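Two complexes, one shared chain (chain A), two partners (chain B, chain C).
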Partner chain A sequence: MQNSFKKIPAFFSYLLDRTISEQDSSHLKGDFEEIYDSLHNSGGALKAHTWLIRQIFVSFFIFASHSVKWWFIMFKNYLTVSLRNLKNSKGFSFINITGLAFGMACCLFIMLWVIDELSFDRFHTNIDRLHHVRLNILYTGGMTDIAVTPAPLAKTLKNEFPEVEDSARLRYQRTMLLKGENKAFYEPDIVIADASFFSIFSFPFISGDAETALKEPNSIVISRDVAYKYFGDENPVGKVLNLNNSADYIIKGVIQNVPHNSSIQFDIVLPWSYMFNESWYDDDYWDSQFLHTYVLLNESVDWEGFNTKIKNVITDRLENRRNEPVLHPFIDIHMSRAGEIVNMFSILAVFVLLIAIINYMNLATARSSLRAKEIGMRKVIGAQKANIVRQFYIESILTSVISMILALIIVYLLMPQVNDISSKNLSLAGSRHSEILIIGMFLVALITGLISGIYPGQVLSSYQPVKVLNSSLSSGMRNPLFRKILVTMQFALSILLVVGTIIVNSQLNFVKNMDMGWEKDDLLYINIPDEAFPHYAAFKNELLQNSSVTGVTAMQSVLTGFGNTSSNFHWQGKDPDLSVSISFSGSDADFIETLGIELIEGNSFSGMEFSMESPVIMVNETFKNIISDGPVSGKSLTWGDDTFTITGVMKDFQIQSVRQEIRPTVIYLSPNRLRYILIRLQPENVSETLSFIADTWESVLPEFPLEYRFFDERIERLYRTEIRISSILQYFTGLALFIAGLGLFALASFTAQRRTKEIGIRKVMGASGTGIVVLLSSEFLKLVLVANLIGLPAAAYFGNAWLENFAFRYNIDVSLFLITIAATTLIALSAVFQQAYRASRANPVDSLRHD
Partner chain B sequence: MKTLTRNEEQLLLAIYHLKENAYLVNIREQLKDITGKYLDVGTINKPLKRLTDEGYLDSFFGDPTPVRGGKAIKYYSLTQKAFDALVEIRTLHEKMWTNVEFPLKRT
Partner chain C sequence: MESIMHDLTKHEELILLSILKLSDDAYGVSIRRTIQGISGKSINYGSLSNTLYQLVRKKLIESRESDPVSQQGGRRKVLYSLTPSGKEALKRAWEVQQSAWDGVVDIVLESE
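This part shows the complex of A and B:
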């Protein structure tokens, strides 16, 4: 009988244990075993098991409702106790909640930002199949990767490769004068595109047909805002816009304004046929790169494989060139530009939150002695360790939920400022992915709560009731090492931020004040339409009559960005394998004099006249060094079919952001196709000079409005990203220091409070006030110094890595580190000093009287 | 004193019948003999517990035996209160059935 006894299988046995309430467990389980055994003997295993499952199933619901009910009762109790604790220690709660709220607000902002960045270009229906074609230009000893491609590439790819469903070319056009019925404006955001542009991209049309809008040579497509600007509420389709006082274009379509999260930005689209107005343009010329090519691949084409197929498309048609077209998924374009900043700010936001979390942990453990008795009592009354742990977690989660609510309010209030700094258009309510945001917020609150609860929960819950209730000794300074590590970590993070901010700022200043090789002050530029250019000479002569105008010249490209490059330059003794990409621009005679570029060899164009027979060109120093070691003036330089004579060599000047090295550059004397007039003014009486310029323009070119800009602004625009990083970094750093300072303040005041007796005794024994201040503050200052030791090398490492992005960078020097050490020490001191001072002034009689 | 429900009445009677052998498994068998079907363990255990709490039953543990996986048996026995209640319900039944002719007739 005993041997044949059948035990309940382990799995069911486990389930039974979970469902049977505790006081019943033993005997009831016995009953189950007995019945199971008899069923097994009489009816077999199947019957016994069916019965068992039924029993468990029936009791499960009762069990579940029971535990939920008890969980709620306990939860209510935890909540009450937590609220009571928050209320009882208002100061600490305030510091915890403020710190966490600001940290979370940072996280929320970054979350909104990331959501916004990730939404870029997703509105195109074909986004998965869209690719931008870039060009890898290989030359001896290197490779340049450029975003622009030659004109015939798009149609060649489409016609010769079945993988390509469609392709389109796009070229950003410079500012043009547009005239409507009775309004005229300069429009800066004009593009020229193939007719297929609107079928491969999905810019929604309000009126007009996307397929045919750009088919006709004289058609034009405008955005809603532009339509409103010229025609108000009338339907503009079929109306006429005049370009640069020359040709009329018929509006064939109106599109929705291009959303801010599109990486292609424009207001006005002209058909590709516009390019044929340019005398130099050749639809079949492979050796000049000046337009963007986009392709739409067929479904299920592997673009990486396709890349190897098209590798030689250009090389096959151009001798002595190795230009390889490379497809880049369109969807990655934005993140490849913005990804770095997004990553950086995400890390920063987590830093700030981490500093706030450390505050919470620190204060919670520091105050543990106050809670020790409470915990002891709870345990004596019957609380399990698990209950205490839950109590602490619920407290920290409650704190983090309150902080989250506060963070939402902060985000809501600061939204306009943040949008201003980041030049974004973020909003809480209008976010496209509010579900992600809500889940994100929930997760941030939960994770913050859990992390900040870990230490107090695990450590405080394991107090032995006998010890804490019995001893009258304070256990407040329990585990000071852990707290010291946390404070050090906090400050190390803050130091990282401080140094980062200083480095970014210094680099920005360095760049702004760097010698660019030309004088950027008091220089203004005017965008002159081709149709107005014939009047340039007259305008220039008029201006030079006035002594306040010290120089006038004109250029083909705007000075701070020669977008055009060519590798078709040849000279005597050129290595046949050498292929360099050279920036070029045409200019008027007084180019280097007006800009203040130093001439280091030969002559400038000054006084020269353009002649078709003997065109002249100047090269910069970098290019000169490629051509020859000796002087190059007087030598000839072949560009395509034309041969130029080099008149002189210019000292290198910066035309790009200093992120890039100075490129080999040529400037050639050109009588036409100049687009920007540059005017150098005397620094005095600028406003009078400006009105003189306006009057002169009015008399020479009455049919074109005048629009001028100063170069300083343009340079600011070159460094937009750096300026943005710098200002956001400043806010992060300020916040991090503030939160860390708050934490230190609270910790110091707490320590001082706990040590009143010790201080009293010290004073009675003859310690001086100063001695006590030093004693109390040195404890924290030591930590801050250690934090500096950790934070500074790390910061130097990351700072250098960031500076690597720049071809020209400032050198990190020792003073930076000294400033950081001084600043952090000062902040720590100001947080601690007041507490230490007050403690040192207290009358020992008061503090010792109680015993 | 409240009147027992039919369930409680059956349980108490089953325990009465089983005398010193009254524990859950036997009670379940006994009830099966009377009503013809097995009840779920929970359906018996729950009222047993309640009746114990209300003072109708006493309970004590037997010695653990190797059968039943070494678990002790919890025995139940009736208290005076249970006897009173059973007597009361018996009287009630009799009162209700007096002067009722059998078999019943529809009028």
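This part shows the complex of A and C:
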């Protein structure tokens, strides 16, 4: 009958085995084989195969739809049970979800912030080859490294080294008065740059050409906002802006506003030729550092190797000086400034998330005894351990997904505040990284769900039905210990945060109230352009007529912003190998008196006139100690080509933020180049005095608008970072304490519930209500104490490490630790107390009834 | 005997008759072949299989395993045979058929 029995190819045979339902498998398969064989013989291989594939397809389809249907039904059951559980324990579910949601929202904010920080400066096309040149100043006893470099360095590097493709210089200019189209404003964000600046860096031009915009000596480039400010929507290219009532500049280009994630910020760019307006500027002078040099290296040049090559470029051109230029990759600049904070915040985020997850695990395990019966029943009906594990994972993932959604809502609602504090422009949909972020978020939710589901999923699912259904309580003995560890860790982390907050706040207060060495209250400063300076004397005289003005002086650099340094100082008896970096500023005769600085030796400039032949100078204590052990008044001090006479020694005073040590500093009497007028007022009737000042200014200098600032505001801004850290830390601490408190509260309530029988017996035996409360509370207080023991030393360690950043710091007090212990104890008590109290009031009859 | 009698569909009727015709050799493939021979229709194996299963559930037919067959690696086929209620059902179908066609057979069959 058959020529040869055609068997179904093995692959199809396998498929058939998998997809045919179990009821009829073997004989069905046999029938299939027969049909296949007859088809093959009668109609050929193609017909047979076609029929076979169709059969497989159909049976697979049925198989798949059956599986899906059943799985769907099972999932529906899990969902129903999960939701029912959530509803039944609304209070605790709410705690759980809220805690997790806040933790996740925190994490999200941090991630957004970190992404933004990491994105700094990446928009420059040449970013991989861009470098900033810093200067290592070697002197006896050490080395200083500064960010500014001498004028000829940029072109020397470009001309003499083939590794350098291009270079550019940048200098931050002080505020200048700009006039255009009948509008006048003081512009603070002005920079001066080489024409190559825009070739090296990628600041997109809206109009004008990047390569040539700064080539002409009287050209100027402005940002879009500045253009709008003066010219509205018109294209300002070709129009004129006037600087400081002196020179006119033609707008050659308009750039997009510099994005917030650029470490170089500016609104207006002047060409380098502007520098020649300054009488002191020498394009070939190697011994003064006051500008930034940027270098674009050629492809595949190793910058570290290049650094060794250029080591002596400056030193070879100077006598008695070792100044070494060092390239640093531009991309690292922002991180070197902000890296510490970025790390800190990342760790913070992980902490808070951990606390939230720990909380969830805590709660889930605490409720385990309640679910034991359910698990027993399920196992009896036929659930495999795998099913129960799946159920718990689904439950915890469900919770975490709900939390994630809630977290998204929280992030959306709180975004404006966060942007305020961090002065950024974060948003969920903002960057192109937002897709990655969203995916990341759901991963976080998933992982959180999985991790928090591990304990309930693994341990609970292994409960044996027999034991569970017979007895009424079943939680294992290990549970309490594990849970206690969890809560203790939560509190320890919270303590870390509390102490951190207190330390930061205390340091901030300390710094703000610290003695600067000069009087900062009721002191304001005014920017005065060089062109206006000739009128200074008249202005000063007028001001002093008013008794509310107690002092007027002028300075080259404003206090808290002394940028200029020089190492070109010599004195008799100076060690020729010694090289020190000195901060300097010019001032007028009334510097000491107006600022209230103490003199420890000699005289101030008061009453003196500037004299070219015998210039005078004052040094601070630190510098004096370098010069000589004995008195230095009357001694000579050589600076470059000039010889000064030291009139006096000033007590050390702060010229910058307290993060830095006090540097050797000089103040010299100068007739010009003083750009800041400092005015001390009587504390009463300040607004009247201010309008007097404004009127006086108007009468003397009508073409220049008046802008003034008070020093205490300026000092605040100096510590802006720290203030920000402080407020963020406070939020975090509050959050962490909240979560930890909730965790403890939940734990306490379940423990109390679990121990109702025990409490009932105790009461019957004669324990008083108070005794019960004490009993329950003390257990938790022990936990808090242990948490303190762990958290406080850790906090002290980290706190000290942070304080190292400051040259001046406050002393950490023992009271700090006592306060923390007290605070945490209080919180723990309040969390525990209600439950303990309720438990103690319970009627023993109820709890012992079931025995 | 059975007060609730299931009326056979044409499809089921065909299958039961085929099983009778095949007597000892009534299994999936052969039933399918027989039906094809009687009615000319080629029904697909899946629906046949389903219907057979339903008929077993309704207790109109019963199944048993055959002895191992010489070919196909000695598989055991599942053979179907009629139950008493199956026979009853067929009898009823025949009666219905008879009374339905009574008197009009000639008209249908007469040649033009």
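One rule holds in what follows: the second predicted complex is superposed on the first by the 756 of 851 C-alpha atoms of A that agree within 3 Å, B and C clash if a C-alpha of one lies under 4 Å from a C-alpha of the other, contacts with A are read in each partner's own complex, and residues count from 1 in each chain.
Here is the rule we go by: contacts are C-beta pairs under 8 Å (C-beta built on N, C-alpha and C of every residue); 3 or more make two chains touch, one makes a residue touch a chain.
Note that the structure is a prediction, hence the values are computed from the model and not measured.
When the two structures are aligned on the shared chain, A:673 is found in touch with neither chain B nor chain C. When the two complexes are overlaid, the chain among chain B and chain C that reaches more residues of chain A is B.
By the touch criterion stated above, A:47 is placed in contact with neither chain B nor chain C. By the document's definition of touching, neither partner reaches A:183: not chain B, not chain C. In the superposed model, A:76 makes contact with neither chain B nor chain C. Look at A:841: by the touch rule set out above, it reaches neither chain B nor chain C.
The intersection of chain A residues touching chain B with those touching chain C, taken from the two complexes, comprises 2, 5, 24, 26-28, 30-35, 38, 55, 58-59. Across the complex, chain C meets chain A through its residues 27-29, 32, 45-46, 49, 53, 65, 71-72, 75-78.
The residues of chain A lying in touch with chain C in their complex are 2, 5, 23-24, 26-28, 30-35, 38, 55, 58-59. Those residues of chain A whose C-beta lies close enough to touch chain B in the complex are 1-2, 5, 7-8, 24, 26-35, 37-38, 54-55, 58-59, 62.
Taken together, the chain B residues at the contact with chain A in this complex read 23-25, 28, 40-42, 45, 49, 61, 66-69, 71-74.
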